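Each of the next two complexes has subunit A plus one other chain: subunit B in the first, subunit C in the second.
Showing the complex of A and B:
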C-alpha cells in the first residue's frame, strides 16, 4: 500500500529534477530545508528522525540535493521526507513537506478489531512491518 | 561536433554583450572603482572570454564547463573583496554561476580545531557557496609548512577536489599578498594548475587615494572643504610613509576619525550651526591626526 502524505501526495513520486526545482523554490523564498527519515509508516507517527540540522543560509538546490543523496545512501530502505521551514515572524512553521523516498515494497496495514464493552468495536491499524524491530523493517 | 548551424548565421556579439547586462556591470565597475587600470582591463578580457565561451557552448563548439577559479593578489585595501563581489555579479549575468552569492571566508571558517572537525566545517561552507563564489581571503594561511599535522591540509584537499569536480557549481577566488600567495602556490602546485586567472592589484597612487576619499565621503553625504582637501592630500602622503599602510582601508579609517573630530568640533561650538556645516569636513578635523606630529619621511 502506497503511503501518501504532505504536498503532491496525489501525484506520482517526484523525480530528482522535480525535487530539485521544488527545493530551489523553497530556497528562493528563504525557507530552511531539512530531511527526516523513518521506518515506521504509521500515519500518526509524526516525529521522524532528523537528518542533520535544517539547512539555513543555503542558496542553491544542488547543495541540498547532495545532502539528500547522502541520506538516501545511509537510509536507502526508509521513508525520507523533505521539510521547508519558514522562520519569518508569525509563520515560524513548516511551509512545505513531501516524501522524497519510499521503500521499494510497502506491505501496508492490518486492521484489527477489538470487542469492547457492550458489543462496541475498537479499530486499530497496525503496519505489517511494525512487527519487526526498528531498523530491520524494510 | 557542431551541427545544423545555418551557413549564413551571424552572431551579434555586441548585442550578446549588452543582452547579458554585461555593459552595465562593467560600466559600474569603471565608475565605482577608482584607478585599478590593469584589474579593470583584465576583468574586461575575462568577461569577453566568458561571453565567447557562452556563445560557443550554445553553438555546440564546446561542452566542457570552463575553469573559472581565480587568484587576486595585492596589498591590503586595494579592492580585492570589492572586485570579487562584482565578479560574482558578472558570472551570474553570464550564467556561469546559478545564484551569484559571494561567501567570504578565512582560514578560521574552513579549518577545524581537532581531528575530524575540518571536513564537516569545510563542507558546510562549500554547501553555502554552491551556486556562487567562494572568496578565500589570505588563502596562504590554509597551509602551514612548519606543522605537518596542521588540519589546513585537509581543507586544501577538499577544496582541490571540489574545484576540479564541481566546476559548474562554484567558483573559488583565492586572495592575499602577492609574495605569500606565490610561495603558497609553489608549495601547493595543485592550486596553481586549477586556477585560470591570476589578477594582480596594484597599489593606489596619492591622487587616486584622494579621489577615493572624496567618493567615500560623498557616499555618506559629507564633503571636504577646499582647504581640507589640501590637508587630506598632505595626510595621504604622510600616511603612506608609515607602517601598516593599507591603501583605501587606511583612508576609510582616517575619514572615520575625521568625522569623529568634526562631531566633537561641532558640539563644542557655541550657538546654532548651519545644516551645511554638518556635511563639511574642515582642515582642522584632518590636521589633528597623529601623522602630522611626526616629521614627514623623505620618501
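Showing the complex of A and C:
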C-alpha cells in the first residue's frame, strides 16, 4: 500500500527539483519550513520527530534542501515530511505538509473490529510494523 | 442635560398626538445621523409601490424593523424611544434599476439580544417584509459591530483546527455527495462511501434530504458509513470522514442522532439550513462540547436569496452562519450547475474566510466587517463541478474550500474509487503546478492531460467530462456601484 497523507501523495514521488520549488513557494509566502520523521505513520500520530526547529531564519531553498539531505542520511528508513508554518494571526498553524521520503516497503494497517453492545463496533487501526520497537520497523 | 424648554415640550406634544403620521417625520429618517461603532447597520434594496416616496418607504422599513407601528402611540414616551428607533440615514437609487433604492439603516445595539440570530432576524427580516407600501424588499448586507460579534460563539472548529484534526494542509479538501441521493439501503450506501474514500476523497456526504426514510433508517446508515470510514482509513493511512446528516423533526431527535454519531467515532455531523437558526445554534453548541465538525447544507436558501428584488442576500446568511457557528457551509461554485456569479460568490467566500472584510462593492460587500478573531468557516463548493474545471476552481476558490465532485466521482466509467482517484490526482497536480509558479488558468488543461498520462482514471474522466460546462446567466449579480449620483 501507499500511505496517502500529505498534499502530494497521489502523484509520483516528487524529485528534489520539485521539492525545492515547493520550498521556494513556502518561502515566498513567509512560512517557516521544517522536516519531521517517523516510523509510526498512524493517521492520528500527530507528533512526528522534529528534525531540528522550523527554519524560521533560513530563506534559501538550497540550504533547506541540504537539511533534507542530512535528515535522509540519518533516517533513510523512515517517513519524512515537509511542514510549512505560518505565524499570521488567526492562522498560526501549518499551511502545507507533504511526504518527501517513504520507506521502500509500506506494509500498511490492520483494521481490527471489536463487537460491542448492539451492532456497535469498536475499530482500531494498527500499523503492521507497530509490533516492532521504534527504530527497527522498516 | 439642558432643561427642556417649553417649545420642545410643545413639539413633543404635537409629535405624539394620536393619529397617523409619516414614518419620516416620526424619527426614522435622519439624514444627518452618523452610525455609532456599536450600531448594527443594514442595507436594504427597497422597491416602493408606485407613487410612494422612496424616503418615506425607507423610513417605514426602519420603523417596521424596529419600534414602529402604523400609528402614533403615547407609550413611546415611557421609553428612551429615540435610542430604540432604527434610523435610516442614507437612500441611494440602485444603479440601472429604476424604482429601486438602497436604504442604509442603523440599529442601536440594545435592540438585540446577545448571541441570538433568531432575535436579530425577527427584527430585520420580520414583519417588514410583508409591508404593503413596498412592492419588494431585499436585505442586501449587514455590518455587525465587534461588540455584537463577540456575543456569539462562532464556528466550533473553524478552518485551521479542522485542518489540524484532519491532518490535511496545503490543498482544498475533496468530497462527494453519495448518489443517488434517495433510495440506497444502508449497506449499499456504505459501499459508495468506502469506494470514494478509499479512492482518494477526504469526505463523503449525506445529501440534504437523507434523514430516516423507509429505504434506510438513520442508525443503519451511520453504522455502515462508519464501517466504510474506518476501513478506508486503514486502507490509506489517512484521516477520513463522512458527514452524517442529523437533521430530524425535533431537536431531541437531532441530539439523539448526533450522540450516536459521536459514539461511533465520526469526526463530523451535518445539518440543513431548514432546521432554523435556533436549532443551528443549538447544534453548534453541541458540536463545541463534543469536538465535532459541523457541516451546514444550505437547503432552502434559494427560495429567498436568488432573486435580486426580494428576499435576503446569501451574503447576509453567510454572516449569520459564521456568527451562529457552523464549520462548513455551501457557498457556491461559480462554474457548476447552481446559481453563482463569480464576483458575488467571491464576496461570500471572503465573508466566511477573512479576518476582516473590506468594503468591496463590486463583490457585493457594502461595509467593512471586523470578525474580531471569530473562527473561519470552510466554504463548500458543490453541484455540477468536475475535474476538467480544476484549474478554474483552484484559481477562483483558492485552497480553503471543500470541493465536492458527486456525479464526477460516482459516475466514473471505471467505478467510484477510480473517480475519486482521478479527482485527487487532478487536484494535487494542479496545486503542485500552481505552487511551481505556472499559470494554471492558461495551462490548466495541459497540466491535467499531462497528469492523465500516468493516471488512467484521470484520463478517462477527462474524456468523459472534459468539456461539460454550465454557462447560464446569473440572476444574483453585483450592482457594481451603489453610490448614486443623487443622494437624498
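Here, the second predicted complex is superposed on the first by the 135 of 138 C-alpha atoms of A that agree within 3 Å, B and C clash if a C-alpha of one lies under 4 Å from a C-alpha of the other, contacts with A are read in each partner's own complex, and residues count from 1 in each chain.
We adopt the following convention: contacts are C-beta pairs under 8 Å (C-beta built on N, C-alpha and C of every residue); 3 or more make two chains touch, one makes a residue touch a chain.
Being a predicted model, the structure only gives us computed values, none of them experimental.
Visitor: Subunit B versus subunit C on the shared subunit A, clash or fit?
Guide: Because the two structures are overlaid on the shared chain, the partners are seen to fit without clashing.
Visitor: Contacts for A:60 in the overlay, against subunit B (first) and subunit C (second): which applies, first, second, both or neither?
Guide: first
Visitor: Check the residue A:41 against both partner chains and state whether it touches subunit B (first), subunit C (second), both, or neither.
Guide: Second partner only, subunit C.
Visitor: Anyone got the angle at subunit A's C-alpha centre between subunit B and subunit C, nearest 10 degrees?
Guide: 90
Visitor: I want to verify the contact counts: of subunit B and subunit C, which reaches more residues of subunit A?
Guide: Of subunit B and subunit C, more residues of subunit A lie in contact with C.
Visitor: In the superposed model, how near does subunit B get to subunit C, counting Cα atoms only, in Å?
Guide: 16
Visitor: Please output the residues of subunit B touching subunit A within their complex, sorted ascending.
Guide: 98-99, 101, 126-128, 130-132, 169
Visitor: Touching subunit B in the complex: which residues of subunit A?
Guide: Touch residues, subunit A against subunit B: 55, 57-60, 62-63, 66-67.
Visitor: Residues of subunit A touching subunit C in their complex?
Guide: 1, 3-12, 14, 18, 21-22, 25, 41-44, 46, 83-84, 89-98, 108-111, 119-121, 123, 125, 127
Visitor: Going by the contact rule at the top, pick out the subunit C residues touching subunit A in the complex.
Guide: Residues 160, 163-164, 167-171, 200, 219, 223, 226-227, 230-231, 233-239, 263-265, 355, 373, 376, 421, 424-425, 428-429, 431-432, 435-437, 451, 454.
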